[in-house]
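Please go over the structures that come below.
Two complexes come next, and they have one chain in common, chain A, joined by chain B in the first and chain C in the second.
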Partner chain A sequence: MAEWFGDNSGLLGLALLDGLASAGLIFLVAVGLNLVFGVLRIINVAHGSLYAIGAYAAASVGIVFASMGLPAWASLPALVVAAALVGGILGPLIERLVLRRIYGQEEVLQLLVTFALFMILEDVQKLIWGVQPVQHDQAMRLLGTYDVPFAGDVVPFTAYQLFVLPGVALVVLVGLAWFLRRTLTGRVIVAVTTDREAATAMGIDARRVFLLTFTFGAMLAALGGALSSPTGAIVPGIGAQTIVLSFAVVATAGLGQTEGAALTALMIGLGRSIAVYFEPELEVVVPYIIMVAVLLVRPQGLFGSTVARRI
Partner chain B sequence: MRRGETLLGLLGAAALVAAALLAPWLKFILTVALAKGIAVIGILLLLRAGQVSFGHALYVAMGAYTVAFLAPAMPDAAVLLPAGAAIATLTGLLIGLFVSRYREIFFGMLNLALSMVVYSLLEKLYDLTKGTDGIRVELPRFFGMALDRPGFEWAMFATALVLALGAGAFARLYLDSPMGQALSAIKTRETRLEFMGISARRVLLAAYVISALLGGVAGAIIGMTTRHVTPLLAYWTASGELVFIAILGGAGSVLGPFLGAVTFELVRIYAGAAVADAWQMILGGVLLAVILFAPGGLWGMIAGLLRRRAGAAS
Partner chain C sequence: MPPTDMSRRDLLAGAAGLTAGGLLMAGSDADAQPQRPAELKIGITTFLSGPASVFGVPGRQAAEMMVDEFNQRGGIGGVRVRALFVDEAPGTEHLVGEFRRLVQSEGVHVMFASISSGSCLACTPLSRDLQKTTVLWDCATQRIFEEGPQPFAFRTQGFATPEVLAPLLYLLKTKPEFRTMAVINQDYAWGRDSWEMWRTGMEALKPGVRIVAELFPRLGAPDFTTEITRLLAARPDVIFSGHWGGDLVTLARQAAERRLFERSTFVLPVAEASLPILGRTFPAGHVIGTRGDHWNNHPRPKDPARLRALNEAYRARFNEPVIYPVHHMVQAFNALKAAYEKAIAAKGGGWPNDMELAAAFRGLTFDSPTATITLREDGQGLEDQIVGVSTHAEGTPYAIPKDMVIFPAAMVSTPVGMKSVDWLKTLKPDILAQVPAAISG
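This part shows the complex of A and B:
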């Protein structure tokens, strides 16, 4: 075993660098899903669509910025602008028009409403952006590559992948922890997550918190998508792929856990990239195997707390 | 209502036969719809316990892939159908022993995860499964008879119809039996069920294994009807479709799944023909409308109409 690690330490190092980037993206999506579930108690299947639309929108905004003659560095803020636009428009729209009507209904129906939204948004993407792959990688090319030494040679990694993706995830993690613990709005969100009834009784306007949280979660999903867009072509179906992966992260971490989601995303991101280097066939299976293994031992998730049974 | 349900079920079956005779091209769609309806009966049982599986397409895929793997060696529907059902049931028992400990989203997500594992394996193990290309199934015999294509399609349609009626009748009996009553108790107050000395886990496991069996039957029929089996059968959106059909048809009656499945397939075909890139949007819109404005599903609407009729007559 130790020998194997010695022989493959170089490869493991490369896998680590790849894993950090993918963990960053997974975290952004999963933490939004988690936040929305914590407050609204709805598993939002359409969260994956918001990710996909964020990616498409980022490519479009990037192209518009470039055609306006803005300098190349503007491609970085373009990603954030796209995410804010998508989350800021679609978030309130979905919450107000659809979700608001089904609070307090059966869980199955809530889940299916978001599944219906997912189906609708899936076709909206096809109608707007077509089914051909969309690519706009200016943001990634802008930052250039960085040579990582490997086995006496160098492997070029893009600086975007090495620094921007994990960096943004870290900023969001720290920012979110600060926001939830230190600001009034954040603590109100935590209060509603912990005990909605008590929070409402204390005079908290739960509807406003729902709207706010959902919009914020939508922005995080769109940000994940936007950040992923320069790293490859955007094709139909990425929303469906992303959402199952974030489900796995959320269920593995336990519900309502921000830091837990970060650790789990890291675990799953690393697990996948290690699989890519050593057993590529297993890459897609790894997250689910991790999830099943964790839930076998801890049915409430890694960081979830047990709930008292109703009698 | 019970007798009304049987009567409506038989009427519906007659209507399907009539439709298939009048428009032979419908036969294919109706066979697939009936098969999906059978799988959705299984979803209905789990819904009775308040549990949603977002992974039951796994069992449909199991049934279909069993057909695809066995067809070259034993090309007879009389062998393939029970084999598909048996493999799915065994898998269901194995997975059920594990997932019956979990409730609500954990139950849903675990089913989702396991079905995605199988989906990924079907897609990646190219040597065994031909990956996303899928496997073509040669026309099997039907109880030793070598039928031509239309003949075999009729045979599959009849098989699906008979099995659908059987599955519906069975589900009705099961839900009325103590095991079925215990299922509803899991939804309302599980702890009290256990106070009575009944293991909620076993009650759920029994329903789960039955639902896997029904999924396997559905998959085997779909495999022999479409005669092309791909990993997409196990993708999570296919599982979502099954839950979709359950709610669309209405969870209040064993006729709901078939009502939902036929509507679903017809809307899909017509919407797909009319607007190729927006059929999902149309289906999503229908689902949204049903949940927001007719929570009882199509069956709820029909039952409401019948009740009003009966009220006006008396």
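This part shows the complex of A and C:
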């Protein structure tokens, strides 16, 4: 075994770098879904649509910025601006017009409603952006590449994927932990998550908390899409691809667990990249192997806690 | 000749038997003597959603354009044409139900199916069961006509084998010195089948090439960072990829940024549709194909004015460049028109029934803007393949092919009655001597 690690240490090092970039993006999408479920108790299938619209909007904003003659570095804040716009507009709209009507309803109904919303938003994307791939990669090109030494040669990585994606994910993780634990609004959210009835009885406006949380979750989904947009093409269907993986992360992490989502995203990102190097056929199933392995041992997820059923 | 599961004689006997059997089915719908209908209904299955809608929607747009064009000229056989569309994206179970609905409830006169090979494999048996002429307008799987006779199914373009073999021959002719190679293909039927055919052909024509990586990321993967690192570390001389649509755009952009194109020669049989989106990001010097012969800079189109008119009309109406599914849909409509005209003439001006329409398709010859296409006796169309090497020309904002080779369809297509992999195993290096000269420019 030690000999195998010795022989493949270079490849494992490359896989680690790939895994970190992948984990960063997975975390950004999944953490929003996890947060929304933790507070609103709704599994939001339309989260994937918010990711896709965030990606489309980021490309559009980037193209507009470029056409206005703004400097190349403006493509980086354009990503954040797009995510804020998508989350800030669509988040409250969806929460007020749709979700507010199904709080406390059966889970099947909630799933069906958010799935319907997902389908509608898929068509909206096609109406606005068409079906041909959309791309705007200025942010990735702006930062250039970073050469990693390997076997007497170098392997170029984009600085965007090596530093920006994991960096933003780390900032969101730390910022979210600080926000939820150290600010009044964060503590209110945690209170509603823990016991909505008790929190409401103590004067907390749960509806406002729901609106705030969903909007924030929508922004995180859109941020994930926006950050992914410089590295890939945006096409119809990317929302569906994303939401499936996000559900695996949420289920593995434990519903509502931010740190759990980070750890799970890291496990999945590293697991997939190592699989590509040494057993490519397993790459697609690695997230689900991890999920099944964790749930067999801890049905409540890595960081989830068992909740006594009230009678 | 190696053993095959189905000889040419068996196939022809099967087709003839089924046709004769059908003709003896007195009173069947297929054999009924129809009146000239008020409108000619065409059921079209295509991807209207999901990642493959990058091809499916241009296909639908081309169909709408052709319907309008035909109707402005009096329709087909004097009958106005109407298209009814079905989305392939929900899957084959849904598609099979929709196929039946279109035939049995809507009463369509002919079906056009499909983009996905899986969809075509699901629809083709229905064409036989329902005795409804079905034009396979875009799918590529070689299995359709290799696994049994198809009395009511006809493909109006090429198929996977020539689409893979032509780039392989081009590579062997132009860059024969390569020693190592890798594959990165989408993990589904086309990705797996195309690699099997490439590898089989390569082992027959250039044995000893070392495969250093075989990567099959899932269809629709949003990121290829890890796969590209793996390829950069493996340093293959050649990388084969059947990627298409958004997946190819993502792969090419990430590969370009990380200088993978500088280290390895890419062979991309389905590159054409993604080149306009990639712009100058797609570099020069790589082998590119278009699933046929319909490059917009075709060096010797059969009808240059018609090719130019199609490009201009499509761009004017949809504000997009023409890509290969548009050509495939145009070919399907042209074949349908030619088949009806042939069947009507054979019937002395009468309107053909399903059996007579299917009979007209067998051996049909029709014109596309770039060539004349003939449907073989098994129903498979013979479409030439043009492969070239990417270049950046002045005035064109994206890569186009140069040094193009027009591979005659018969040269790169599996003969009737043989299976593709078996046939590819029989290839000898002397086939390279038959490769036509590249057309410089």
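Please note the rule applied: the second predicted complex is superposed on the first by the 308 of 311 C-alpha atoms of A that agree within 3 Å, B and C clash if a C-alpha of one lies under 4 Å from a C-alpha of the other, contacts with A are read in each partner's own complex, and residues count from 1 in each chain.
Here, a residue touches a chain if its C-beta (ideal position, glycine included) is under 8 Å from a C-beta of that chain, and two chains touch if they have at least 3 such contacts.
All values reported here derive from a predicted model rather than from experimental measurement.
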Clash-or-fit label for the pair chain B, chain C on chain A: clash
Touched partner set for A:Ile43, first chain B, second chain C, both or neither: first
First, second, both or neither for A:Gly232, with chain B first and chain C second: second
First, second, both or neither for A:Thr145, with chain B first and chain C second: second
Touching partner for A:Val155 - first (chain B), second (chain C), both, neither: second
Partner chain(s) touched by A:Phe247 [first = chain B, second = chain C, both, neither]: first
Segment of chain B intruding into chain C (one of 74-82, 92-100 or 128-136): 128-136
Intersection of the chain A residues that touch chain B with those that touch chain C: 122-123, 126, 131, 240, 281, 284
Chain C partner contacts - residues on chain A that touch it in the complex: 10-11, 14-15, 17-19, 21-22, 25, 122-123, 126, 130-133, 135, 137, 140-141, 145, 150-151, 153, 155-158, 161, 228, 231-238, 240-242, 272-273, 276-277, 280-281, 283-284
Chain B-touching residues of chain A, taken from the complex the two chains share: 43, 45, 98, 101-102, 105, 107-109, 111-113, 115-120, 122-124, 126-127, 131, 240, 244, 247-248, 250-251, 255, 281, 284-285, 287-289, 291-292, 295-296, 299-301, 309-311
Sites on chain C touched by chain A in the complex: 49-51, 53-54, 56-57, 187, 213-218, 220-223, 225-227, 229-230, 232-233, 235, 245-247, 249-250, 253-254, 257-259, 274, 277-278, 281, 320
Residues of chain B touching chain A in the complex: 47, 50, 52, 54, 98, 101-102, 104-106, 108-110, 112-114, 116-117, 120-121, 123-125, 189-192, 235-237, 240, 243-244, 247, 277-281, 283-285, 287-288, 291-292, 295
